[in-house]
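Naming follows writing order (A, B, C, D and E), and every chain is counted from residue 1.
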Amino acid sequence: MLKILKTRFKQGCRTILFPKAKAPDLPQRYRGRPIIAGQNGSIDLGKIFFNPDSDIVYSNDYSMATSKREDLVLSQEREMALARALNERMLKIFGRSLKLRQVSAGGCNACELDLNVLNTPVFDLSRFGIQFVASPRHADGIVVTGPVSRNMREALLKTYEAIPEPKLVIALGGCAISGGIFSDSPQASHGLDTIIPVDLFIPGCPPHPLTTLDGLLRLLGRISS
Amino acid sequence: MLIFLLFFPLVTGGLVFVLREQESRNRMLLFTALLHSACVFSFWKFTPAVSLNGFLGLDALGLLVLSVISILFLMVSFYLMGYFKGESDISHRIFITFLLFFLSFMTLVTLSRHFGLLLIGIEATTLCSVPLINFVKTRQSIEATWKFLTICLVGIALALLGTYFLAVSGIDNVQSLFIDKLLDHAKELSLPWLKMSVIFLLIGCGTKMGLAPMHTWLPDAHSQAPSPVSALLSGCLLNCAFLSILRVGQVCHAAGQTQFFSSMFILLGIISLGVAYVFILGQEDYKRLFAYSSVEHMGILAIGIGLGGIGIYGALLHMINNAFTKGIAFLVTGNLYKQYHSKKASEVRGVLRSYPITGIFLLAAFLAVSAVPPFGTFISELMILYAAVAGHHYWVVFFYSLFLALIFMGIADIVLKMTNSYESPARGPQGCPMNATVSQPPKESLSMVLPILFLIVLVLILGVYIPPFLDDILQKAAGLLGGGR
Amino acid sequence: MHILLLLHLTILFVFPPLLLGIIGKTKAFFAGRIGPPLLQPYFDIFKLMHKESVYSVTTNWIFMAAPMVSTAAILAAGTLMPLADFKPPIQFWGDMVLFVYLFALARFVIVLAALDTGSSLEGMGASREATFGCLSEITMFLNLTILALLSRSLSLSEIFLGGLSSSWLQVGPVLILVVVSFFLILLVENSRVPIDDPETHLELTMIHEVIVLDHSGIDLAYVLYGKAVKLFLFASMLVSVIITFRVHDFLIDTAFFFFELIVFAVLIGIVESTMARLRLNKVPYLLFSAFIFSIFGFTVILVRGGH
Amino acid sequence: MNVWLDAILILVVILGLFIVASTRLGTMIKIFSWQSLLLGCVPFLMYAQNMEFYIIIVSLVAIVLRGLIMPYFLFWAIRHVSIRTEIRPFIGLGATLLLSGLSIVSSFLLASKLVFPISISSDMLIPSSFSLIIMGFLLLVGRTKAISQVVGYLVLENGIFLFAILLLRKMPLLVEMGILLDLFIAAVVMGIVVNHISAEFNNTDTTALATLKD
Amino acid sequence: MALLLISLSILIISSLLILLFCRSKEISACVFLWSLVAACGFGLWSALSVLCQKAMSLPLTGVDFRVHGTIPLGEFYIGIDALSAFFLLLFFILSLAAGIYGYGYLRDYTGQRNTGVHFALYHLLIIVITLVLVAKNAVLFLVAWEIMTFVSYFLITFYNESESVRKAGYLYLISTHVGVFCLLVMFLIMGAQAGSMNFDQMTATQFPLALAALLFMLAFVGFGIKAGFIPFHIWLPHAHPAAPTHISALLSGVVVKLGIYGLMRVMAIVKDFPLWCGVLLLIMAAISGVGGVLYALGQHEIKKLLAYHSIENIGIITLGLGIGMIGHAYHQETVAFIGYAGALLHTFNHAVFKGLLFLSAGSVIHCTHTGDMDHMGGLFKLLPWTGHLFLIGSLSICGLPLFNGFISEWLVYRALLEGVFHLDVFGIIFSSLAIVALALVGGLAALCFTKAFGVIFLGSNKSSEGHQGKEGRLSNIDIKEGDLMLRGPMILLAAICLWGGLFPANMVYFAFQGTQAITGLQIPFVLKEAVINPLLSATRVLSFGGVIFSVLALVRDFLVLHYPVRLTETWSCGYVKLSHRMQYTASSFARPILKIFRSALVFRVEGKISKEYFPAWTSLKSSVKDVSESLLFRPLFYVIKKFSRKLKWIQSGHTQTYILYVFLFLVILLVWKLI
């Protein structure tokens, strides 16, 4: 007991004060939002894999979550429209308490890992009242990762149906948004929005925890762009 | 009057032997039985005078046994009307005649006031019941008869020796075997000879009565004899043997040796209960079952008399109940045998379903035998248990209850299997008799049903209410043996 | 007099979810993170009240009525429990039996609702809940008997409002045993960590979470609220056993009572953070050890003749 | 006078021993008839001085019945059934002899304990009657043939009759005659049953008569 | 007393009438119905009139009816005192309900059995049980008791085509008949000690303590077999499933209670027992209670489950009696009064809710044609009435606050707690152990009845042929609710349960009247107040709970306005092929608790688990072996049979050996007696 207290005091409180203070600067190797080089080039964040050897130049900017699918397409002339907060009524309900149910619909589980990081002391999702729950009946929204494979499609629909109104859907990671790496396989569906209406798209393969956190906080209106 | 009662059946017996057809023989039998009961019931009103210079007389005990015998004989004769419908050959003529001789000798036993004459009566009943048992000439019945004969004659020989010892014990002062004289001078009888005579008489008459170590002939004789005969045997013959032992008991009581006599009698009773339990549990043949239950009830009578006080009153009441119960039981087995043609209990199924009346009577017999309240046997066994409890014979109470409970288990197991219906659809309507080829089971004839019904009613009445006249006769009889309520 | 009654009811109705918040905060503190805000339970309940209720096809009215009946029963039990220094609204001789049986009624109805949905997970939760429930009831009764024996009275208000003050001196160490066994029962009844982890996601390991798997919206709100009240009642019972010191001044006592409750909630949080979850087939042994503690305490009291 | 009486009594007991020892049925019946004749004349010796009329009648009837009619009847039964010897008795001959010797000794012991209320002519009478009774039992228990069992029963009856002679003066005639009559009928019925058995089982071996058991 | 005689005469006449018309079903049925209603009405009236006397004007024994010298050794002497009135009350209520149910149940009976005879036997049973309850003479008591045993045997084996029914009937007959012998000896010892067989003289005599102990042991065994204490209970779980529903309701409601009535009557007669008798009764009660409910948990068949529950409730009743006796032995009259009152009230309550449960279980079996719980489920929608009534029954049997079970369990708790206060150290230990046992029994009963109600009525139907329609209806099983004749009695009993729970005052008052008859002492008014007032304030707490419930319901209705209720499939982790076989069945629900008590219960789980990769068909069966039956009585019967078979050589068939027996016994007697 005492040993736990000693280490606790030595460690101190690890949570980053993100929305108030500035996010910690990410290492150089982090591949954030790509910079559009040429005049008419457009990059669809939902489709790219953020892999290092492609010719895309990545900046260090982590906020990439958008409310609509088309906002993910970056082009020279259009400024990046980041995720907007929910409407007034939804905010009143979910403002302080948002329960999410995570559904991994196929995929390589990288997104799940990074999603899980959010619950660690550093990011501490629970301080915003956001929590992952076991049953969709208790949840307010579902976070879908992976290209909704044919087998998982019916289960996903069942889970979606099981969630009481008003509910949110968050597509996490490239696979969920557009089928990602698996987009050309007959099993995978091409993007979650073809199946169920999606409220928040968080690109990345896998999206950095900060991106996800930033998206969620924008959704809840904690960060205004 | 007594002489008429004694010799009248002999005469009609001879007459019946002459008659041609069976129908008139049956009617003659019935007539004799009716006359016999009429005389006996007249004795209830006015007690007859002692006749044949003191040899024949009627005291309370004698009257009780005599009336039981006459009632049962009347019922059996009425039952025989239906039993022998249609068959008539030489063996029937012998059967009916010896039946009447049997009645007269039993009357002799109840009436005799002289030990020697008592013994002759018992010997005569044994001999004339031989052809009755041997009526159906099969291997088993001959074997049963042989065993019955040898063991009973040995028993009677011992009883004869016992009588001689009794005579010797009173040779210098009483010099006679008249019961009344013996009772008056009981004190002066020489003790060792009296004890010897009591032991020999107890063993001798005990063999006839079917008490435990000497009971071995009873199951064979009763199961092989035709049902009406076994009803008579277990109803009346055992009671006559019981009466002779009571006479010995009277003498003992008068001579102040009650303790000597009763301890032996209780031992015999307990052993018979034990033996009856051993053979009833898992018994295969339902007639042998009821035979062993006679051994059991004789054991109960022995215990009752041995306990003294209200036990004697209970035992005498139990004697009456038991006689009628055995009558019901064996007449019902007669009906069953007529319908199922097999003695094995496992082949008799669904009696309640296919023969409702016989089924109900079988249940009544089972309830009466196992002493269930509405029937009289419960009250008498209760009285005997009361005597045991009041006399602090806790060992007797323990064995008595234990064996009765176990015997109830045995009988219930067999009888309830017979009455309850059997669901195997292979054989026509549920519970239809296994080997009866007849498609529609024969309707039970009236004459075979009425006597059983009458007996059941009698036992039921005794269970609920003892009429005053019967009560004071029982009181007087018990008084003779030093007991009473 | 009515003011006290009203105050008692308001505390009973308003205060309980705060305890859950405090426990959450302590666990976060120990984990080195900020953790959910103290009023998070209130927010959750408020949010759930604005949510739709989704019912399974196989359920009938029992499923809907169960949360309401259980919360009502627990609140009714609350009216028997003395808080701080003022007497409970209703108190009578032998009310501790009703107190325990009201909790039994709550559990009975929740288990029925769980079986109503006809899902294997809910059935599993129902059977575990019912099993541990009836094992803990024994120790509960024994502890209450011991406390009744010590305070020579059968009504909860007299037991907890000073009946035990003298006994701490006479049989102090034994009372600690009884308090420890009470504490274990509290952990089992309110599904705290050593027995059941509220935040786990693996249905097979849950007990109290999985039983309400199918509840949604307002029903879930009632269930959470009921659980909070139950924890509050157990906590206040335990607290009033431990600290029997009363100043008999209204304000000070109430404040001191709240302080004690907060400390107790922190204590629960500490226990939750320092202990890992027990394997499921070890839980009965935990219950038996609680039972043995109280039996041991009882024999010492009898031998010592403390009563 | 009682010297003769004692002699006859001893002779009767010895004849009893002979019956027990013999295996052939014919000899058994012959010895039995001699024994009954001797028994018949015992009363004459005992009550030589104050002879009454009925004592004579009783002993005469006894002699005629036991000595002549019953053996004749048994011989008829043997001829009818045509068996001659007892092959395998239950208890071997040696054992039966030993047992009957033992019985004689025990009956003498028993008799010495029992004091007779009035003086009787010979104190040998009671023990000899007891020993005859026990020998009768031994025959009944030890033999397998039905006929030999009948003979055993008759020897038993002889023993009892011997004892009855003591009471001749006191016992009324009627009873005495009745007992004798009963004995005779018993023998007749046994005979009838024996030939039933022989007709059914074509031998009177009682081991066949053991089917009725539980 | 006159009223009771009227009802008895009605019953006798009507049973004879029914026998006359037994050939035609309709006449006999309607005669049966009307005579039953009339007789029970008069009976109830007479019982209530005795119970409601305010002042103790009438002598404690009430009005007697005496006919001298009828039954030999005893006499036809009957009289109602408060104790028998109390039992008459519960008896007439239950026989009325069971009779009406039976009428409806057998109306569409097509089998070969003659229902006329069955009804006549039913009337005979009522007459005989009334006689047992009002008998004031030992012989009359015993006669009525035996006749009841045999009449109930014939009623139990109504369906005696099947083998198990016959076996159950036989076992019932044997065990109760053996019990009767103990009663015989007990009553005779009492009669011998008191000089007369009437209960009044017996109550007057003073029994020495040693004799009282012997009487107690005999009474315990004799009445224990009938009441169903643990070691002697083996006939109960077999008899109840075998009997038709209304008979098993009557059997467990009333016939089992006669054992308790007998025990109380003996306590009233032999007033003071040694202390260890009370302690023994308490221990046996605890064992029966816990054992009964644990065996019930392991059962798969409803009626067997309910039968074992009767044993458990008998355990609770005897807890009350036990603490009453201990209190009496310590001369603490308050403990004795409350203990006896608790026992009496629980007898009444148990009769009512057990009858209700059996009747509803019966109509469930009647509709689904199977007793096995694992083939039921989802019946709440199809049988709403039976479902609700079974729910009320199970709530009250678990002693939960709203219903009458709670009141009587509260009284027993109160007695035990008073025991903890007033008795010495020895007494405290036993009463606190009793409290623990009662708490365990209450908890396990709640577990068992959630299992029973949940598995039968809730969830989806588990029987294979009923496939789950979209909206949860079972399309192809023709299950329809029984008509009013079946539902009427059940509703009556449920109403009594609810009334007993919410307005306990007068039932507790009746219980105190009965207690006065047991102890023979006047209960002080202050004690009655000290018991009834807490109960009233308990109902106040419940009303407060009701208010809160209605507030919550209002809030809920208001909030639901926003979002209409939506129906979807049960959430099962998204598993696609959701089948009804995935539900928790009776055995799986009870498995955790049975594993904890597995050594005491011989709890076995048999079945082969397929080891190959691709799962083939496999089966799993969990069973609980009734320890006292399989380890104690079955071997005992076997040994007795084997022993008696070994002794059969006595009748070996050889004439010579028979004669040898005679000769040897002669020698033995000579040696024994003369030397």
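Rule of thumb we're sticking to: a contact is a pair of C-beta atoms (placed from the backbone, for glycine too) under 8 Å apart; a residue touches a chain by one contact, two chains touch by 3 or more.
Being a predicted model, the structure only gives us computed values, none of them experimental.
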Chain-contact steps, minimal, separating subunit D from subunit C: 2
Chains partitioned by contact, subunit E not counted: A, C | B, D
Central chain of the complex, centres being mean CA coordinates: E
Identity of the chain that, by mean CA position, is farthest from subunit A: D
Selected pair, greater C-beta contact count between A-E and D-E: D-E
CA centroid of subunit A to CA centroid of subunit D, Å: 124
CA centroid of subunit A to CA centroid of subunit C, Å: 38
Inter-centroid spacing, subunit D versus subunit B (mean Cα positions, whole Å): 32
Cα-centroid distance, subunit B relative to subunit E, in whole angstrom: 44
Touching two or more other chains - residue numbers and ranges from subunit E: 563, 566, 568-569, 571, 648, 651, 655, 659
Touching two or more other chains - residue numbers and ranges from subunit D: 137, 140, 149, 206, 209-212, 214
Multi-chain contact sites of subunit A, meaning residues that touch two or more partners: 135, 137, 162, 164-165
Touch relationships between chains, expressed as pairs: A-C, A-E, B-D, B-E, C-E, D-E
Contact set on subunit D toward subunit E in their complex: 90, 137, 140-144, 149, 206-207, 209-214
In the complex, subunit B residues that touch subunit D: 114, 116-117, 119-120, 123-124, 127, 130, 134, 137, 139-140, 142-147, 149-150, 153-154, 157, 160-161, 164, 167-169, 171-172, 175-177, 190, 192-193, 196, 219-220, 223-224, 279, 283, 288
Interfacial residue positions of subunit D with respect to subunit B in the complex: 113-118, 133, 137, 140, 146, 149, 153, 156-157, 160, 163-164, 166-167, 170-172, 174-175, 178-179, 182, 185-186, 189-190, 193, 196-197, 200-201, 206, 209-212, 214
Complex interface listing, subunit C residues touching subunit A: 24, 28-37, 40, 43-44, 46-47, 50-54, 199-203, 206, 209-210, 213-217, 220, 270, 273-274
Sites on subunit A touched by subunit C in the complex: 1, 4, 8, 11-15, 92-94, 96-97, 99, 120-122, 124, 126-127, 129, 131-135, 137-138, 140, 162-166
